[in-house]
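Look for subunit A in each of the two complexes below; its partner is subunit B in the first and subunit C in the second.
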Partner chain A sequence: MSALLEVKDLATHFMTRDGVVKAVDGVSFVLEPGKTLAVVGESGSGKSVTALSIMRLIQEPQGRIVSGEILFKGDDIRKMSDSQVRSVRGDRIAMIFQDPMTSLNPVFRVGRQIGESLILHKGMTRKQAFERAVELLEMVGIPHPRDRAKDYPHQFSGGMRQRAMIAMALACDPDILIADEPTTALDVTIQAQILELMMEMQERTGAAIIMITHDLGVVADMADDVMVMYAGKQVEYGTSDRVFYEPRHPYTWGLLASLPRHDVDEKGTLLPITGQPPSLINVPPGCAFHPRCPHARGLCREEVPGLHDVGGGHLTTCPLAPDERPSEAPAQREGA
Partner chain B sequence: MTDKYDDRSHDSTSPTDADGHEVKHEGRTLPTLPGGLHDTTTSRTLWGDAWRRLRKNKLAVAGLIWICLIVVMTLSADLWVPPNFGDPLAIDTTPGANLQPPSLEHPFGTDKLGRDVFSRVVYGARVSLTVGLLAVSISLVIGLLLGALSGYYSGFVDGLVMRAADVFFAFPYILFAIALIAVLGPSYRNVFIAIGILGWPSIARVFRSSIFSVKENEYVDAARAMGASDLRIMFRHIMPNAIAPIIVYGTMSIGGAIITEAALSFLGMGVQPPTPSWGLMLSDAKSLMFAAPWLTIWPGFAILTTVLAFVLMGDGMRDALDVKMKD
Partner chain C sequence: MLKYVVRRIFQMIPVFIGVTLILFILRAPGVLPGDPVRMITGERAITEALRLQVIEKHALDQPLHRQYIIYLQNLMRGDLGESYQRGRPVVDIFAEKFPNTLRLALAGIIVEVIIGLTAGIISAVRQYSFLDVLVTLSTSILVSVPVFWLGMLFQIFFGIRLKEWTGGAFYLPISGMSSGEFPDWVHLILPAITLASVSTAYVARIMRSQMLESMGQDYIRTAEAKGLTRRAVTFRHALKNALIPVVTFVGIDFGVMMGGAILTETVFSWPGVGREIFLAVGQRDWPIVMGGVVIIVFLVMIINLLVDLSYALLDPRIRYGGAGE
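And then the complex of A and B:
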């Protein structure tokens, strides 16, 4: 039981008027203490729902975790009582949201908001919590933390707010930090600073990170493991080295090929993945990716492929053998 | 890491600078500016900020001053009105004492029973303000409770409360009020009870929709992810953000309640004579509108300005309470 968090065959569905949306359908992964797992995929691939399911923050009754186990230090979060879950949320597992402009409450001073989880979980007084909030703000690089803690969120810029959010998430020294696209709403230079800050904080606190993003470039430096999701399913999962250097799923190739690169070719155009992600109500039969896959064959259209190990714990659903992969590396397939 | 930011000063006189712009110079880091540039002397609170913004709105300030003036006048009336102008209820049957035009002795004239109109207008403010405040308080208690239930627990509870509100809206307002008073019996107390009961659906609706929009904010999810309980989320995170429209709407409703009271009294379904009420005074004077215009002008003016003052102040508060608005 060395795993901090073990998710087994998680499925979260939303009941809508048009049918059942299988937002997450059979996702499994393991997170070791102090490691970083990147969850990558397009919008609507189920990344955020996976994160919300771990925190049990899915809005019922429309959404429901229909099956699976979420073992946090061996205890199933699904089976916990509401008050047990609340004592895990914010204390042991903390979350950073996507848009720092809207995730801070406009009527509370920043220091007060950072201190709230300390008051909730650590039984601190307001004054103690404020002092700790000042320390945390300083730790995440806010100048004049004592004065700034008395400011309202609208007096902070976007980058500073995201720093404040990180401070808030780290307040109780959590075991797991879930970051849901923490840099999407920020501009590029600030993105780099925030990622750097997160790595620094991880080193300092030893927290494990689940990093949700649609940008593979963001996670390349940070992640120990990468999980690629498509249409609510896990299509590839392995160590960051394996997934980046020996990607086995055509969707992963597509994601890698669509990244702007500065080292390969100056004139090469970016390769988009053609087509649209499928509707999660009518997932195509067989492999959900087959309508967009240049390598799709007969069986891909009929049978849902299962995950299989292609060596060293590297899992993929794609049955293509390594030698069937196009000889050119994906990023050099210009004009293909 | 710490010194990468250039922290602009943001004092209260030029708060547009308050959003601390980040400045990064090609890898070099800027030294942190001396603390003096960061204004620490003005403590900024939500209500302090709102008050400063309200003060800049001239119409709202005018409304506020007018309301304060009326409140002070009517509360202190016992001290100075009867000795100088006569008791509002004192009927003077001396020939020639009634229907006097405005004079030094009776600045607003006298009515057909010889009572001083100025005195009656000042005392009438008591009735109007009391009815306005009590009626809106009743509406607020019922409306906020039901609106909060409805907004937070959507679904069945919401449907029930909103359909009940629809039933109230389905009746013409003033007719419903008259019907209610016909059942309760016309009296001072029943007027504000009736107006209060009729006012809750609007308050509930405003609060419900306000809660709905606040609930969608990511900071509510963030609070939940932080481990806050339902009650804490409702009272600490949603309510304070949802209450501003209610403060505005409630202030304006006081004006509305004053008008309704006047209308009901005018129709004889409200405050009963001889209690001085602006609506009642208008009703008494309607046959003398041309013979003795001062009998209608002064109470009418009082209703108009008081209601307008509440509406202007409510309007000013709407802008003042918007946290995101920069001055």
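And then the complex of A and C:
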């Protein structure tokens, strides 16, 4: 029971006109206090839905958590009443969203938006909350925080808005910070600053972070653990070192190979993963990745592979032995 | 800000010229039937001397462009001419009728805002519920019903049938502004509801769609992630954003109502600006028609300006006069 957050076999489905979308289908992971878990995968792999499920922010009735447990400090968030969930949201578990341009309310001053959760969860007065908001803005590196707290979001640049979002999320000193692609909408230089800021904040506050991204490069320095998702399922899960240096799933190889690298060879081309992610309504039988996998064999097309431990808590669904991995050139060379 | 207001006021001048010019061309001999002298003197025979006197007084012998310039010069001095039929200054006639129109317009706006906003918000918050279907359906019907017909239905139902059914115990007044029978405000009920009917339906629909749009925005998810209650998210975060277009609509509508609700005032014999213009059109009393239109145009433009300025209060992204973005 030492885990801060333990997700067991989570499944979240959306009922649409065309059928049931299994956005998240059997995801399990553990988050220890102060650690960082990176959730990696393509668009539509279920990363964000996993995050929203933890916060219980899935839009009902179309979307529903259909099974699993979300144990926060031992209590199942799924079984909490609405008011219990609200007391966790924003206070113990806070969230940063992808697009800082649209995630702040345009008609309220930044300081007020930051102070809102302090008034709600910490019982502060408006004035106290404003003072605290100024401190928080200063902490996330906004110059002239007292003046800027009185500004509206449109007066902030993209990077500053994301800093404000971080300040807002950290306002109540949460145990867990969920960041849903926090740098995707930003310039590259700003991305680095925001990631640096998040690491700095983690050191200061000791919050655990769930970092959702489609960019493995982003999480390389940051994450303690990495979970790779594909078509709503986790395909690989382990410590950052293991997943980066001994990846066991062809999809992870593909993700790593599609990263731009300037250290290996100058004229090296990027190797995309060919094909498209599958429809989540008609997931291919067997391993969902098999139509795009150059190593797919008979069984891959028939039987859904389960997670198995390949040593040291490193889990993968792929039955491929480590020596079957092509050496330098990762999975997709022949397909590229 | 001041610069913006001054610029907007200057922009009103061409609109004024355009409107008055069109009216002048319409009343030129040969465009509409009727001899202006006859309009003024009535059907009885008149002497040639009197005829010339009338022509002289109203400058009817001048070429049309001269007449127009004279009219504009008088307008600058706040003189809208004299009614052909009543022999009184047009300004005085409207000054007398305007308070009645204003009262009706205010009552109409109150109905529009209270019922329209409430219906729209309920409909959005409880999307696809029975109430939502009811609101969507009734507003669709309401926007397609002619106002005068709706007014007459109200008169028949609340004024006549209801009186019959209750044996005279309960009914509403169906014409005029006051009577010994009812307090004055009761006379407002049916005209105000009739006047507001179409706009109320529009307000409800705009409110609903804006609310739904606003509730789908990312900042709503941010607000929910803070742990705010559904109520706080809806009424604090969504509503303020959703209200901006509704305020525009209501503001402009108020301008239109102040210009006189010709149909409603006529159906309910409400002695306001609209009814006055309606009567004047029938009598070809051009100075009243023109004066009325000039006043309406002026009011609508002023209200539009105020609505635009109110944006700056509601939406911080809008600042006039170069400050900000």
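Quick note on the criterion: the second predicted complex is superposed on the first by the 329 of 336 C-alpha atoms of A that agree within 3 Å, B and C clash if a C-alpha of one lies under 4 Å from a C-alpha of the other, contacts with A are read in each partner's own complex, and residues count from 1 in each chain.
As a convention for this text, a residue touches a chain if its C-beta (ideal position, glycine included) is under 8 Å from a C-beta of that chain, and two chains touch if they have at least 3 such contacts.
Just so it is clear, the structure is predicted and the values come from calculations on it, not from any experiment.
If you put the two complexes together on subunit A, you find that subunit B and subunit C bump into each other. For subunit A, the partner touching the most residues, choosing from subunit B and subunit C, is B.
Of the two partner chains placed by superposition, only subunit B is touched by A:189; subunit C is not. Of the two partner chains placed by superposition, A:11 touches none, neither subunit B nor subunit C.
By the document's definition of touching, of the two partners only subunit B reaches A:138; subunit C does not. In the overlay built on the shared chain, the residue A:228 is in contact with neither subunit B nor subunit C.
When the two structures are aligned on the shared chain, A:197 is found in touch with subunit B, with no touch to subunit C. Of the two partner chains placed around the shared chain by superposition, neither subunit B nor subunit C is touched by A:177. Once chain A of one complex is fitted onto chain A of the other, the partner contacts of A:167 are absent, as it touches neither subunit B nor subunit C.
Within the superposed three-chain model, A:117 lies in touch with subunit B and with subunit C [touch as defined at top].
Of all the stretches 2-10, 20-28 or 56-64 given for subunit C, the clashing one with respect to subunit B is 2-10. Under the contact criterion defined above, the residues of subunit A that touch both subunit B in one complex and subunit C in the other are 55, 57, 86-91, 94-95, 97, 99, 102-107, 116-117, 120-121, 152, 154-155, 165, 168. Subunit A makes touch with subunit C in their complex at residues 55, 57, 86-91, 94-95, 97, 99, 102-109, 116-117, 120-121, 152, 154-155, 165, 168.
Those residues of subunit B lying in contact with subunit A across their complex are 1-5, 7, 10, 15, 18-22, 24, 32-33, 35, 38, 40, 43-44, 46, 217-219, 221-229, 232, 237, 240-241, 323-324.
By the touch rule above, subunit A contacts subunit B in their complex via residues 55, 57, 86-91, 94-95, 97-99, 102-107, 116-117, 120-121, 138, 141-144, 147-148, 150-152, 154-157, 159-160, 165, 168, 189-190, 193, 196-197, 200. Residues 217-219, 221-229, 237, 240-241, 314-317, 324-325 of subunit C are the ones touching subunit A in the complex.
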